[in-house]
Amino acid sequence: MELDELTISRAILASQTNVLINHLELDAAVVGGGPAGLTCAALIAGQGKKVGVIEKKLSVGGGMWGGGMMFPRIVVQEEARRLLDLFGIRYTPFESGYYVARSVEAVSKLTAAACDAGVEFFNLMSVEDVMIKADKRISGLVINWTAVEMGKLHVDPLVMGSRYTVDATGHDAVVARLVEKKGGDIRVKGEGFMWADRAETNILNHTKEIFPGLVVAGMAANAVAGESRMGPVFGGMFLSGERAAQIVLREMKA
Amino acid sequence: MELDELTISRAILASQTNVLINHLELDAAVVGGGPAGLTCAALIAGQGKKVGVIEKKLSVGGGMWGGGMMFPRIVVQEEARRLLDLFGIRYTPFESGYYVARSVEAVSKLTAAACDAGVEFFNLMSVEDVMIKADKRISGLVINWTAVEMGKLHVDPLVMGSRYTVDATGHDAVVARLVEKKGGDIRVKGEGFMWADRAETNILNHTKEIFPGLVVAGMAANAVAGESRMGPVFGGMFLSGERAAQIVLREMKA
Amino acid sequence: MELDELTISRAILASQTNVLINHLELDAAVVGGGPAGLTCAALIAGQGKKVGVIEKKLSVGGGMWGGGMMFPRIVVQEEARRLLDLFGIRYTPFESGYYVARSVEAVSKLTAAACDAGVEFFNLMSVEDVMIKADKRISGLVINWTAVEMGKLHVDPLVMGSRYTVDATGHDAVVARLVEKKGGDIRVKGEGFMWADRAETNILNHTKEIFPGLVVAGMAANAVAGESRMGPVFGGMFLSGERAAQIVLREMKA
Amino acid sequence: MELDELTISRAILASQTNVLINHLELDAAVVGGGPAGLTCAALIAGQGKKVGVIEKKLSVGGGMWGGGMMFPRIVVQEEARRLLDLFGIRYTPFESGYYVARSVEAVSKLTAAACDAGVEFFNLMSVEDVMIKADKRISGLVINWTAVEMGKLHVDPLVMGSRYTVDATGHDAVVARLVEKKGGDIRVKGEGFMWADRAETNILNHTKEIFPGLVVAGMAANAVAGESRMGPVFGGMFLSGERAAQIVLREMKA
Amino acid sequence: MELDELTISRAILASQTNVLINHLELDAAVVGGGPAGLTCAALIAGQGKKVGVIEKKLSVGGGMWGGGMMFPRIVVQEEARRLLDLFGIRYTPFESGYYVARSVEAVSKLTAAACDAGVEFFNLMSVEDVMIKADKRISGLVINWTAVEMGKLHVDPLVMGSRYTVDATGHDAVVARLVEKKGGDIRVKGEGFMWADRAETNILNHTKEIFPGLVVAGMAANAVAGESRMGPVFGGMFLSGERAAQIVLREMKA
Amino acid sequence: MELDELTISRAILASQTNVLINHLELDAAVVGGGPAGLTCAALIAGQGKKVGVIEKKLSVGGGMWGGGMMFPRIVVQEEARRLLDLFGIRYTPFESGYYVARSVEAVSKLTAAACDAGVEFFNLMSVEDVMIKADKRISGLVINWTAVEMGKLHVDPLVMGSRYTVDATGHDAVVARLVEKKGGDIRVKGEGFMWADRAETNILNHTKEIFPGLVVAGMAANAVAGESRMGPVFGGMFLSGERAAQIVLREMKA
Amino acid sequence: MELDELTISRAILASQTNVLINHLELDAAVVGGGPAGLTCAALIAGQGKKVGVIEKKLSVGGGMWGGGMMFPRIVVQEEARRLLDLFGIRYTPFESGYYVARSVEAVSKLTAAACDAGVEFFNLMSVEDVMIKADKRISGLVINWTAVEMGKLHVDPLVMGSRYTVDATGHDAVVARLVEKKGGDIRVKGEGFMWADRAETNILNHTKEIFPGLVVAGMAANAVAGESRMGPVFGGMFLSGERAAQIVLREMKA
Amino acid sequence: MELDELTISRAILASQTNVLINHLELDAAVVGGGPAGLTCAALIAGQGKKVGVIEKKLSVGGGMWGGGMMFPRIVVQEEARRLLDLFGIRYTPFESGYYVARSVEAVSKLTAAACDAGVEFFNLMSVEDVMIKADKRISGLVINWTAVEMGKLHVDPLVMGSRYTVDATGHDAVVARLVEKKGGDIRVKGEGFMWADRAETNILNHTKEIFPGLVVAGMAANAVAGESRMGPVFGGMFLSGERAAQIVLREMKA
C-alpha cells in the first residue's frame, strides 16, 4: 500500500467536519477540560447522551498537569478515593486519609475514560458568548477558534446548540461571567482565601444550576459562590464533576 | 477528617522530590513526550527499566492533540494498526488501509499506558545541554525548569544521569542539535519536502543510535537524516518509538 | 421565516468543507492574492480550470490597497491599460502614457473578476512546505491556518494537491524560497535596486517555470531573478499575472 | 515610452492629495468599510452625493472576509436576497430561505459597486475625535493615520468636515462611544447575547440618527441599542446600510 | 577527589527540599526582602525563631541597590545610625545628621546579618494568596514560583504556614492588598505626596498589626496608612523593620 | 532635626558623581559581579588598588542567587573550602568532599567582603565597547547605562580608563567577544558539554591574560577556551577569581 | 593637541552634575518641552530667573515636530503672529489671518530662544510625584530617569525643589493628574470635542494657578478645564505659554 | 476672525504636499538629521541648492540630545570651535582645548541654521532603498513613512530624485549598507574600538564619495572605513559635515 497525502487530508477533513456538524446539537456542552469537566463529561456520556467538551487550549487537563508548584503530584482525600478507583488512577497513601497520585496519570486516565464513554472533544475552541432567546435559557454557545483571538483576527463565530451547558472553566468561570456581564441575573463573587477543608466541603453545595440551562462545576462553582480556594487537593473537583453530571442527567429525565 | 493544607504541601513535596532524587540515575531518559517518545518510554519501562520522560511543556502529547489543521483526528495506516490495538486506541476505517482515530484519545491512551508501565514524567523541564565525559558518551542530561527560560532568569541547571537517551523531540531534534552544535560528530540535516509514503517507509531505518548513548526516534530521526516529512499520519511515529525501544533494550542486554 | 443559528452554522460548515474537500486536487494553486496572483487566477479559471488562491491574510489585494506611501492611488502604464479595461478598473490619464487608478477599486474589481471566473479563495491559510515525490516535481502544497503560526501553536498541516503552482507572493517569493532552502536547484537572488523601467520591461522574461510544476509571477519573479524593483506602478504585475496564466494553460494542454 | 519613477511619485501624490483636499467637505462621511458601511456609502453616492469611507485598516470588508470561524462563506436570508442581486453577488440556496455566498466575492462586489457609485476611500485612517461646535451637531471628524497610533507617535490630527456621519464601525461603535465618553447624551449599551432572529428583525429600528448629524448602521446600531447579536448571517447588515442611506438622503433633502 | 555531577544535584535537591519541608510551619514569614524586611527578619531570627523571607525576585535588596536615580548611594539620618553600626554598614557624614552609605554595601551587610541570624530565604517565590480559616486570622501564605506567573503557566500553588506574617513588600503592599481585595476589613490608601520628614517620623506609628496575624513594615506600612513618601533616605525603613520585629516578638511571648 | 529632601538629593548626587569622576582611572576594572568577579575584585582591592566592578544588572551575584534549578543552595568542593572560610560563608558537609552553602549567604558575604576591601560598584552599567589605542592594549571601557539599551534610546557612552580589565561576565564572555568581533586576535570558543570534574580542574589554566590588558575569569575563562561546563558547583569560580587577582597583582608589580 | 577620552568623560560628568546640583532649587520648573512649555520657560528665564525644563523624552518639541498628520507644517493665527516674529520663526500667509510655518523650524527656533534665555534642560527625566508639605503647596518635583520606567527597574527617585511648577505636559496634564489622584483638590476634566475657535479663545482663561504653586499651560490647561481641543493650530499654545510666564513672574514679585 | 478647522487642514495639506512635490528632484538629499547631516545640509543649502533632510524619527538631532550617558552636555575640541561660533552655539572651556556645550542648544541652533539656509525637512520618513539605473549611479531614494514599518504595514514606497546623496545616518550607515547588501561595490567595515583622537583625526579622510552619487559623513564615514569610534566629542561630526558639503558643492560645479 502506498500512502497518499490527499487521502490523509480528506480522511481528517471528512471525519471531523462530519463530527462537528453532527454535534451542532448537543445534549450537554461541557466548557473546560480540567478535572471537573472531564469527570462530568465522562459520566453524562456514559448514560448515552451526546456530550461535547469545548477546550480553549491544545490539550485538556487544565491545571492538573503541574501538580503543586510544578511538582507533578496531586493529593486526593478519602472521600474521593472511589473515583480514583473508578478511573483506574493509581495512588499511594501519605498520611491517614491523604492519597498521592501522579498528575500526568490522573489527566490521561480521566481523559481516556471520557473518550471511552463517547465524549467528543473540541479543543482549540473558545466560548465567546452564549445564545439566549425568548425562553431566557442558555440554549447554545457562540464558539470560535482560540487562534482567532490569539492572532487578533476579526472573524465571526459559529453557534453550537446544547440542552445543558456545564461551566467547568476553573477560577475564571468564563460562561458565568459572560452571562453576568451581559445582564443575566448572576453574580460571580470570585474565590475567597485559602481554606482547603471548607472549600472541599462546600463545593458540592455550590455545584448547581445557577441560570436556566447552566450548571457550574469545579472551581467555577466555588468562584461563583465566593467560596474559599483549596490548592492542589483534587477530591472536590472530581466529586463536583460527578454532582454536575447527576444534576444534568436528572434534569434531562424530568 | 479535616483537610490540612500543610499536610497537602508536604505530601506533594516529599513524594515528588523523592521521585526526582531516585531518578537522578535513569536507565533511559526519553526527551519529548509526543507519540514516538510515549510509545518508546512505555515499551522500555514495560521491561522493568527505570524510565523518565522529560517534557518541556505542561502537557505531553506534542503535536498530536491538534490532528491536522486543528481538526482533531489523526490517520494511521495498516502497518501500525496493531499498536493502536495494543494501546486500546479506537479507530474507524476510512479507505482501504487508512484508519482514523481521535487525537485526544490517542494521546490519553498512550500516556495512560506509559504510566501503567511505570514511566515517570518530568514535565515543565527542558534539556539545556548533555553530559559527555572521557568515554565520549552521553551519560546524562543537563536540565532546568522551562519556566526559567520563559522568564529569562539566570539560574543554573542540574544534571540527571542516564544510560541511554532517546531524542524524541520532533522536528527540532533538540538533543541531536545540541551535540552537533558543540562539536559532536553528528549532522542534523533537517526534514525534507512532504512525501508521506517515503517518510513513513524510511523512518525505521533512521531510528538508530547516532552518537554513543543517543538514539533518535520519530520526526527527530527523519530530521537528522534529512528525510521527507509526512504530515498527520502517525503510524511511523508509533513504529519508530517501538523500534527505538527495541534498540535501547537490546543494547542494555549487550 | 424565523432565522435559526444552527442552520446558519451548518450552512457555512457544510458548504465550505465541501468546497475544501473538492479542491484538494487543483489544476492550479496560486499562492498569494495580490495583483499578479489575482490576474493569473482569473485568467486560468476563465478557461474552465479548477483554481484555488491561497492567501495568508484575511483579505486579498496585497500591497495594492495602500497605493504609494499610503496615498491610495496606483499608476499603470500604457502597455497594461487594456487589462484595466478588461477588468473594468477606471483610470484618469496623468501625463502621456501614465494612468492613475484608485487602489481600492483596482483590488475589488480584480477580485470580483476572479470570483466570476470561478476561482475559490482559501484565505487565512499559509503554505508551510511543498510536496515533491519521485518525479522531482511540485505536486502539492503543505498548508496550515495562518492563525496556527500567529498563535505559535504546535499543529500539523494538511496537503492540497495541484498540477501547477504559481508563486505570486511578492518580494518574499515564499514558495521559491522553501524549495531553495530545502535543496531544490533554485536560487532566489532577491530584488535589486529601484529602476522601474527596467523592472517593468524584464518582468515578463522572468515570469516562467523555474522548477518542475512551479511558475513565478509578479514581484516574486523579479525577486527570484535578482531583477530591479519598480515601486507603485502596477502594469508589470498585471502583465506578469497574464503571462503566468498563459504558461500554465499552455503546459496543461501539452 | 520609458517609465520615470519621479513621474509615478508625482502622479500619486498630486492625484490623491487633490482628492483629499477636495473631500475636506463631505456630504456624508461613512466610518468603517464593512458590509453595512459599504452598502450605505454606495447608495448615498449613487444619488450624486460626495461620500468618503474612512477605514482604519489597509483593506475594507471588515469581518466579512473570514465568514464563520475562518470558513469563508456567509449566509444571507430571503429578505436581503434582492441586495445580493443588486450588487451582483452570486449565491446558492441551502435550506428554504437561506442563501450561501462566498465571503470574498461579497466583499469585492460590494466594494466595486461603491467605487462605481463614486465613493472615495480613505483607508489606513482612524477617527480620533469628532468636531462639535455651537450648534451641538457633529460637523466633522478628527482623523489621523492609523499608523500614527500603531507606532505610538505623538502627531496631531487633521479635520474632515461632513454634513452627515454614519458610524458603521461594528461592535465597537467607535464614533458613538467617542461622543458618549466626552459627554454627548448617548448611551452605548453594548451588544446582547446571540439571538440571530431577533437581532436581524430589530436592526432596522436601531438604524437611526442617534445624535445630531450621526446615524448608526450595522452592528454599531445594535451595539448602541443593547440589541442581540447575530453571527455570520449578513442580511441585516446590508439592509441596515440601505436604511442608513435612506435616512441620510431624506435628511439632506429636508 | 573526582567531582560527580549527580552527587552535586542530589546535594542541592536533598538539602533545599529538606529546608523547604522543615519550613512549612514558620514562626514568622517575612514577605519581601528589601531593607525593612531584611532588618525585621534578622532581628526576629536573632531571637531563635524560625523565620523565612519570601522574595519574588532572584535577588533580595529591593529598590536599595539603585540608590537614588541609579546613583548607588543611600542617605541615612541620625536616628537610624545605630542600625548601620549594628549591621556593620560603613558611612560618611554629609551635612549634620545626614550619613551617606554605599547601597551595595548596605544590601549585602544587611543580608549577611540575616543569614547569620538563621533566616532562610525563599527567593523566586511569590505570594498568590493567604490562608484564613475559622479564626479569621492569617495563618499561612499561598506561594508559587514567580516563574510560573512570568511564563503564564497554569500551575497550582502550595501553602506555607506561619504564626505571623510581615508584609514588607514596599509600595505595593502585596499581602495587605490581597486581604483588602478579597474582603478583609483593611483599606490600603496608597502612599501620599513626597514629604520625607513627615514620612520618616510617622512610619513607626504605621508599623503595626493591621489584621490578625499580619504586621506591615517599611513602605508597605506607609502605603496602607496613606502616609507621605520619602525617597532615597532609608532610616525609616531600618527602624520600621526593627519595630515590626519587636511587635512580632512581643506577640509571640504573649 | 528636620529632614530636607534637597539635602538628600544633593548628598547622593555629590557623593556618587565624585566617586565616579575619581574612578575614571582605575587600577582594575572587573566586568561582571558574579562569584568570580566578586572574589577577584575583593582580593585586588585588598592590596590597596583602586578597583571598580561594572555590573549590568541592578544587583550583583549573577547566577549564584538561584542555586541549582531555583533551589537556592550551592555546592563547593574541598579544594575551595578555604575561600568559604575566608569570606565567612557557612556550609554543611554533604558527602565526603562536598559542602553545601546557602546561595543567598554566599552572595551577600562575598559582596560584603568586596565592599570592605574598598571595591566601588557601578551597577546598572553595561560595557558597550573597549578602548584600544596605538599600544594595542585595552586601556579602558566604553560604558553606558543598561537602561539606555533597555529603553532602546540613542545615547552616547562615556569612557572609564583601567590598567587591567577582568572579564568575569560568565558564559557570555562579553568583553572577550567584543574584542573578537572587532578584529582582536582572540577566539571565544564557547563552553563545551557538561563535565564538572574536568571543568573545575582546568579552569585555573584558562584563567589568564588573553589579550594585552584583559584577563578572563570564571565561566568566561572556560567559554573562551572551549572548556566543559560544570553546573552549580562553585569552587572553580572562587578559585578562578583568586587566580585572576593574582595575575593582575603580579603584572602591576612588574 | 591629542584628545583624551577620560578628559571628555570628566568634562561631561563634572559640568552636568554641577548644573544638576545647582538646579536642585529652581525658581520655576516647567514640565514638558512642547510649544507652551518652551515659550513659558524662555520668557521666565528671560527675566533672570532660574528655570529648568523637565522633558521625559530624548528630544523637546512634543507633538509639534509632526505638524498635522505627519505633514510637518503648523498653522498660526493672526493673534499669535507677533510671537513667531519674536522667536524668529518664518511663515507664509495662507488665507487671511492664517500663517503656515515649518514645524521643524518652529521647534528649533523656540528651543534656541529658551537656551539663549538661560533655561537648563533636563531631558530623559520624568516626574513621578510632587513634593507637598505642611503649607499644602507644591514645592518640588519627584524626578527619575525615564529609562528607569522604560526598563521597569526598581530604582528610587530624587527631588528637585521649585518655587513654581508649570504643567505643560499636553493632553495628559501629568502633574495635575498626579495631584488629583493623590487627593489634591483638583479635577482634570479631559479635553472636549474639536472646536478650534473656542479652544483657542478660551485657553488664556484656563491658563492659571490651579493649585498652590502649580500653573497649567497649553493643552494641559484646556484638559484640566474640560475645554475643546484645537488640532494643529498653535497660536494658543504660544499665547498660553506667554500667559503662564506672566503669572509666574507676577507671583514671584508679589 | 473665527478660526476654521477645514482651512487649517487645507493649509497644512496644500503647503506641505506642494513642498513634497517640488522636492521630488533635489540637488542633495541628506539622510539622517544628526550633527553631521544638519551641518552638511545647512552649508549646501546656504549656497542656494535645493536640499532635503530625510529623518526617520519625529525629531532631528540624533544621538546628540542625550550628551554622554544621558548627561546632556557635549564636548567639542579646539579644531571645531569655529563651527560652534558659526552656528551661535555657546560653550565654556573645560581644560585647554576642550569646550563643553549644552546638547539641547547644539541641536536647536544647528537645526535653526539649516532652516534659515532653506533646508526642507522630511521627518518620519525612512529610506528603504536607492534608485540606480544604467549609469550605475545613485540618482534617487526609495522612501516610505517610518510608521509603515513600525506598524508592519504592507505599503509601497515612493521615489525622491537627488543629484547627490549624503549618508549621515550614524553607526548604521543605512544607505551604504543598502548599496553593499544589494551588490554595489562597497564594503561597510563597521566602526572599530574607541580611540577618540584617531577617530577625530581620520574622519575627514573617510568623508568622501564612496559610490557614484553617494557621499558619507559623520559616524557613517568612520563605520564604512572601519575606523575607531570617539564617543561624545562632536568636533569631528561638525567638520565631517562641512567636508561633505564641500565635496558635494565642488562636484556640482564640476
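Just so it is clear, A, B, C, D, E, F, G and H label the chains in written order, and each chain counts residues from 1 on its own.
Methods note: a contact is a pair of C-beta atoms (placed from the backbone, for glycine too) under 8 Å apart; a residue touches a chain by one contact, two chains touch by 3 or more.
By chain, with names taken from UniProt: A, B, C, D, E, F, G, H = Thiamine thiazole synthase.
Quick caveat: nothing in here was measured; it's all calculated off a predicted structure.
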Selected from G-H, F-G or B-C, interface repeating B-E by over half of its contact pairs: F-G
Chain pair with the higher count of C-beta pairs in contact (E-G, G-H): G-H
For chain B (Thiamine thiazole synthase) paired with chain G (Thiamine thiazole synthase), centre-to-centre distance based on mean C-alpha positions, whole Å: 62
Chain centre separation in whole Å, for chain H (Thiamine thiazole synthase) relative to chain D (Thiamine thiazole synthase) (CA means): 43
Between chain F (Thiamine thiazole synthase) and chain A (Thiamine thiazole synthase), distance of the C-alpha-averaged centres to the nearest whole Å: 52
Centroid spacing, where centroids are CA-atom means, of chain F (Thiamine thiazole synthase) and chain H (Thiamine thiazole synthase) in whole angstrom: 40
Shared interface positions of chain G (Thiamine thiazole synthase), touching two or more other chains: 5, 8-10, 12-14, 17, 58, 66-70, 124, 131, 140, 145, 147-148, 153-155, 158-159, 194, 196-197, 231-232
Parts of chain E (Thiamine thiazole synthase) lying in touch with chain F (Thiamine thiazole synthase), wherever the complex brings them together: 1-5, 7-17, 19, 58-61, 65-75, 77-78, 88, 90, 92, 94-98, 100, 102, 104-105, 107-109, 111-112, 115, 120-124, 145, 147, 194, 196-197, 200, 230-233
Partner chain C (Thiamine thiazole synthase), residues of chain H (Thiamine thiazole synthase) touching it in the complex: 129-134, 140, 142-145, 148, 153-159, 182-183
Residues on chain G (Thiamine thiazole synthase) engaged by chain D (Thiamine thiazole synthase) in the complex (per definition of touch): 62-63, 66-70, 190, 192-198, 229, 231-232
Chain C (Thiamine thiazole synthase) contact footprint on chain A (Thiamine thiazole synthase) (complex, rising order): 5-6, 8-10, 12-14, 17, 20-21, 24-25, 58, 124, 131, 140, 145-148, 150-151, 153-155, 158-161
